[in-house]
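What follows is a set of structures to go through.
In the two assemblies presented below, subunit A is common to both, partnered first by subunit B and then by subunit C.
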Partner chain A sequence: MDFSYEWHVMTPEFSILMTIILIGILDVLLPKKIDRKWFGWLAVGGTFLSFGLFLTLLPLDRTSILFDTFIFDSFAKGFKFILLFGGTLLLLLAVGSKKEQGMEKYEMEFYVLLLTALFGGMMITSSNDLITLFIGLELVSVSSYVLVGMNKWSKKTNRAALTFLMNGSLATAITLFGMSYLYGIAGTTQLQTFLQHFSEVSNPATRYLYIIGFCFLFIGLSFKWTTMPFSLWAPDVYEGAQTIVTAFLSAFSKIIGLIMFFRLIFTVFSETVLDQHVMFSIFQNSLLILALLSMTFGNMMAIGQRNVKRLLAYSSIAHGGYMLAGIASFSAHSMEAVTYYFLVYSLITIGAFTIVSYITDGNEADEQTFTGLFKTTPLLAISLTIFFISLAGLPPTAGFIGKWKLLISIIDGGSPIHYVTAIGMIGMTIVSYAYYFRIMASMYFQYPNKEEKFSVRLPLVILLFLCIAVTFLIGLLPNFGTPTWI
Partner chain B sequence: MVSIFVSFLSFLFSIIVFIKQLTVGSFGQSIPWFSVGDIQFTIGYEIHSLNVLMLMLVSFMNLMIQLYSKEYMKDDERIKAYYGKLNLFTFSMLALVISPNLLQIYVFWELVGLGSFLLIGHYNRERAKRAANKAFLMTRIGDVAFLVGLILLFWGTGTFELHEIFHVVQSGNLSEGILTTVGFCLFIGVIGKSAQFPLHTWLPDAMEGPTPVSALLHAATMVAAGIYFIANIYPIFLASSTLLFTMALIGGCTGFFAATIALVEKDVKRVLAYSTISQLGLMLLSLGTIGFVGAIFHLMTHAFFKALLFLSVGRLIKYSGSQSIEHLREIGKRMPVIHLFFLIGAMSMSGIPFLSGYFSKEEILSAVFFNGPPFLFWLAVLTSLLTAIYMFRLYFLLFFGGAKTGGLSPLWMVFPMGILAAGSIFIGYLNTHFFGTFFSDWLTKNMPFSIEPVSAPTSFLSLLTILISLTGLVISYLLFRREWLAPKMRSYRMSRLYRTVLEGYYVDVVYDRVFIKGTIQFAKGIGFVDRFVQKIISFLPKTINGIAKQEVKLRWKNPQRYGLVAVIGLLLILTISIWSVG
Partner chain C sequence: MNGEVIFFVLFSLGAIIGAVFVLVFRKAVYALLSAVLTFVSMSGLYILLTAEFVAGVQLLIYSGAITILMLFAIMLTKQKTGTTRKRMIRFQWPVIIPIVLLMIIIFYGIHKVTPPRKPVSYGKNNTEQIGELIFTQYMIPFEMISVLLLAALIGAIILAKKENT
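For the complex of A and B:
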């Protein structure tokens, strides 16, 4: 057996792994009295290193190692970029957090778990095999279970963690069941060889197996990216978890689920002979309807919410719907459009949660907290406005271009259901203005309940600056946001 | 101060652009912005006569308003934010009028809406906030249709570039049906933006904003955007006679309808708001009867005298702190300068001969006379008559009588008003039928599409226009100064008709009832289909509330239910998929 692989394509992953181990060992070895605040910077350093290594790998063509289970193609390049960028932002958010946000006690755990999730996500983007895909997914899932339950003294958090764990394990079971069907049909776990096997399938009976496999897989994964029907857990968990963790769930965990699905349908379920394409179009209608349902449900429910975290949870369900519609429309542009939307969405949702976590203490995030924010801390109010405008999809932010691209790619699908989805998406966007503008209006037009200024720390400023700058940069020059290597 | 200086620069640059346009003709440039797949979207600018006219008008009005605001808003604690919003608003409008493609127009169209939302809600009052929200949501309804129209048009022509769209439209490759649908959708967007019936109710409420903002909003930016937009994509409307007729009809009816409300309205600024709606209706009527020049000409003159009226009324409001006619009554007596300015504005607006308003109104009337159906012409005549009556009603009520006190107006206020007053008198001479139609020649020469000139007004029309305004003046004098028919007026005030008009024909109330409360009662009388539709409408908010309540009850109770829902969903999608494969 030959072990002389081109290991260097995995160096970004390795550097993350090394950082995890380093932090773990240091935490055990160092005496208790030493402050562990700088672990955060260590973790940031680790991702920077990884990012740098990743940049050196960009010129490479499609490379695969480990018997074709780990590939480094344009898809992996695009999404690793988004993941590393998002991960760095999340780490910065944690580093810049205040005492009240409750990060003090869990320095080591938080960073290690977050990095593990990042590691898992990066593995997923490169996996070319069901087993590695699944392991990557579980790395993300298990770390997020622990992250949600981290604040073990809060009753709410414990409930949230339990809800999350119960539903999460159900989702994993369903996903795994679906995968086993795919394996049963193809007799292999390799995604590339799947194609050949599926195209050879002529026995009508196997079609049903194929459908069962797909449906199970889809529903199981939809847990991650919170679309209907597996989205009801999100509000409870988002509300119960610490806000930093909520940011992680909303931006990072969601996108990982979508990436996985994207990878699967673009390799397994689509690029096949005509028969299989017809197969996908069977699901297409169901998926578009589910996407529509998620948009409608998410936006409608968000209107009634007074807790901002719950509100954002429902809005996150709605955004899941938009992205799912983009994927399911499956037209010539959907890859590009959805990738762009991923990038934009992860940025602005991290930005929004940053501010929410910063001005609300601990877990509670009542809308009252935002009243008159413009009077006390204009910087935060203006930043939050930019994120909300972007989430609502208004120009000149990147959110608008993202929605626009999705819309174009959906309409490009060309069938009536596509048009219905597009119109539904426009309508639901309008509905979403109702709640974004409600919060914005109370920030600007009302007087604060208590005259309290929020001091703004440096990491927070860097983070906000990064988010806003990129939001505007790729909003005004969108070609910048769809790098040519994708 | 910086803001005013920048506004001045902006106006200066507009003039430079204008001079360049005069010497070299239209020019423009586009660069690629982004692409989705193989579809390219571009960004750029385009300068032709209409654009450069709007550019000058908007930057000029902005400069005047900013000068005036320096005094008017000086006690405001958020004056910095005020100037910031004002500049955002003007910027969006300026960018809108030089956009060469529809996508760019849409972007700035939205930004203009955002700017007005912020400005209307500037004062920290509950009503102002509600008005801001209303303005935003109302125009939003139009914008949905607008966006749908844009996308349809894109799918019909494959491009957003105005030049190419005109090319496709004129070559006749687009079916009449699509064109009409597109035009109709876009027109609904315009109805929202330019406050035409039935989406007009936000504009009177928007009077909660600071007065200079109202002046800007009415003169050059927000509501003018709709008229500008139609003029800018005129070939699309020209291609379908149904569209033109709809436009003329809605414009004419709104014009008349809003004028009647302005006649009885008790709030000074709301009178002016309804008068704007009415004048915009006339412009649309003109556009609908191929009176392109008339509409744009009137847009320009209207900008001058409407801004002037708002600013002079603003001085009174500033002085007394109230907007109601009752409180402001006779207060203008001791302010001779304001008196003069208001008189000029009112005369110009009523179409008293040889002021700006006269020439543009004549232009509109002749377009309707030659190309429109007779009943619309007489409706327009009636509207003009009403205009003269209500303008002078305001004048007689505000500026005559025995006010004891008065005050000098600060220079910062008088200066811009003086310029506007001069404009209200003289700007009309750009396009008259005895000195020459410079304006019309220049406007039609440099457009990307050709416009048929409207025949010159006959002496009958000129005479009629003069007659209308003078009759209006006289009627108004008799009714409101001499108080003829005073007892009748009092009993009339008791009448149901009066109240109906005063309440703006209950449009707002109907909206409230239809959309929120009385949907079910309303549906009872009508047939089954209607009842069904109404139920859905009233059902939606109820369901949302119901679900929200249920959600509050259920949250945190049974996490396993979430999983159950997922499993049911799974089974459903599985069944559907298998069933559809057969």
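For the complex of A and C:
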């Protein structure tokens, strides 16, 4: 057996891991009086290092180590880029925003958990094996359970954490059940071998079991990315958690669930198999219907919400619907469109939550807080407007191009149900204007309840500048957003 | 009907009955003890499949460690003996319909499948083979589990730590 593996393709992950260990050890060794706040900068430094190492790896072709349990291919490149970018922004947000009461003691734990989640997500993007996929998913889930429940003094947070833990572990069990079926039939956990087995199956009974397995897998995973029938936990959890954690949940862990599913679909139903199987078209149609349902549900429910975090939670259910439709369309453009949309979505969600966390400062995110924001702090009002316009999908921003690409890829699918989904998407986008513009109107045309200036914090300014700049850059020059290495 | 079938029936009945009793019993300790019945029967099933390592792990971890841990949790927390049961049941019974449907769907799938007959060498150094696989082919997931445990450990410390505020 040849034991010389190309370990250097794992260096981005290793540097994240080293940062985790370093922060943990420093927290034990340093005296009590030293401020733990700069651990955040250390974590940001770790992600920068990882990002740099990742950029040096880009010229590599498809590299795999240890029997495909870790691969570095175009898929991994594209999504690792998004995850690292989003992770860095999230860490900046965590450094800059004020923690809730009593959370100052847990600086180290907070950053370590964010980094472990990032690590899990990066492993998911580049794994070609069911076991690695599952453990990566669990890593993200366990980190996010703890992150949600960290503020244990608040009753609301405790309820949110318990809801999240119950739903999440149920989802994990269902996912694993589906995986056990797939493993039981194919006799392997490697996705490549799995694909071969899958394309050779002729026995209808075996195929039936495959469908059962995939259904369970899909149901379990759709808890994680919160699309329609399995998304009812999301608003409570998003509202109860701290704003930074809400940003993490809606921009990061949601995308990771989708990436995992995309990896499975991308490998197992690759184009050679696609034409021969009726099964996939049945599966695809039900996915599109679910996507349509969650667009409708998310946008309709968001209209009535007065709490901005809750509103953004419903809007993220709707966005999950858009992205799922993009994945399920499975046309020639879907890879490009979905990658672009993931990037844009995580960017603008983190941006919007940055401002929410800025303004609410650990208090309730009621819509009242936003009235007359333009009169007190015009800069924040304008940036929030840019993010909302981008979320709503209007031109010069990246959100428009993202929706456009998704629509093209859905229409490209070509069957009636694809057209219905595309029309539904356009309709629901128009519905979503109702609540985005309501908040914007109250920001610009009403007088503030109390005169209050918001102080400027350096990390948040950097973060906002980055988000806005990239939103406009890839909105005006879309080719920057679809990296050529994919 | 040979011995294997008899033991299979016994163990699977034990597992199912234990699982049902977990739901039926209202007292937490009784429910836990019936969970132990399920765990032990499942480890019996593993032995029938000549997976003695998995059976041992199942016994040690599930019926040993986890049960004791949960007994401690029950002992150290206050038990509420509420009477919410009647209200719950009224809302619960429609759940039967999807459960039965799901059972029919899955059963229909399973009973038609004939598993592919591949020559498999059972019972030859199982433990050794598992060890070899874990530390060669599945080394990356194995290492990832240690990170997972780290995250879970940190979480447990945060949530369980007593504050003097």
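Here is the rule we go by: the second predicted complex is superposed on the first by the 471 of 486 C-alpha atoms of A that agree within 3 Å, B and C clash if a C-alpha of one lies under 4 Å from a C-alpha of the other, contacts with A are read in each partner's own complex, and residues count from 1 in each chain.
Criterion: a contact is a pair of C-beta atoms (placed from the backbone, for glycine too) under 8 Å apart; a residue touches a chain by one contact, two chains touch by 3 or more.
Everything quoted here is computed from the prediction, not taken from an experiment.
Enquirer: In the superposed arrangement, does A:V146 touch subunit B (first), subunit C (second), both or neither?
Expert: Second partner only.
Enquirer: Between subunit B (first) and subunit C (second), which does A:F119 come into contact with in this model arrangement: first, second, both, or neither?
Expert: second
Enquirer: Touch check for A:I382: first (subunit B), second (subunit C), both, or neither?
Expert: In the superposition, A:I382 touches no partner, neither subunit B nor subunit C.
Enquirer: For A:Y208, using the defined touch cut-off, is the partner it touches subunit B, subunit C, both, or neither? Pick first, second, both or neither.
Expert: It touches subunit B and subunit C both.
Enquirer: I want to verify the contact counts: of subunit B and subunit C, which reaches more residues of subunit A?
Expert: B
Enquirer: After the superposition on A, what does A:M300 contact: first (subunit B), second (subunit C), both or neither?
Expert: The first partner, subunit B, only.
Enquirer: In the overlaid three-chain picture, which partner chain does A:F445 touch, first (subunit B) or second (subunit C), both, or neither?
Expert: First partner only.
Enquirer: When the two structures are overlaid on chain A, which partner does A:L232 contact: first (subunit B), second (subunit C), both, or neither?
Expert: The answer is first: A:L232 touches subunit B but not subunit C.
Enquirer: Looking at the overlay, what does A:I401 touch: subunit B (first), subunit C (second), both, or neither?
Expert: Only subunit B; A:I401 stays clear of subunit C.
Enquirer: Go through subunit A and flag every residue that touches subunit B in one model and subunit C in the other.
Expert: Common to the two interfaces on subunit A: residues 208, 212.
Enquirer: Provide the residue numbers of subunit A that touch subunit C in the complex, in ascending order.
Expert: On the subunit A side, the touching residues are 1, 17, 20, 24, 65-67, 69-70, 102, 106, 109, 112-113, 116, 119-120, 123, 127, 129, 131-132, 135-136, 138-139, 142-143, 145-146, 149-150, 152-153, 185, 187, 203, 205-206, 208-209, 212.
Enquirer: Can you list the subunit C residues touching subunit A in their complex?
Expert: 105-106, 108-110, 112-114, 116, 118, 136-141, 144-145, 147-148, 150-152, 154-155, 157-159, 163, 165
Enquirer: Which residues, counting only subunit B, touch subunit A once they are in their complex?
Expert: Touching subunit A: residues 32-39, 106-108, 110-111, 114, 118, 121, 124, 128-129, 132-133, 136-137, 140, 144, 147-148, 151, 155, 544-545, 547-548, 551, 555-556, 559-563, 565-570, 572-574, 576-578, 580-581 of subunit B.
Enquirer: Name, in rising order, each residue of subunit A that touches subunit B in their complex.
Expert: Listed in rising order, the residues are 156, 159, 162-163, 166-167, 170-171, 174, 207-208, 211-212, 214-216, 218-219, 222-223, 228-230, 232-233, 235-236, 282-283, 285-286, 290, 300-301, 303-305, 332-333, 336-337, 394-396, 400-401, 404-405, 407-409, 411-412, 422-423, 426-427, 430, 433, 437, 441, 444-447, 477-479, 482.
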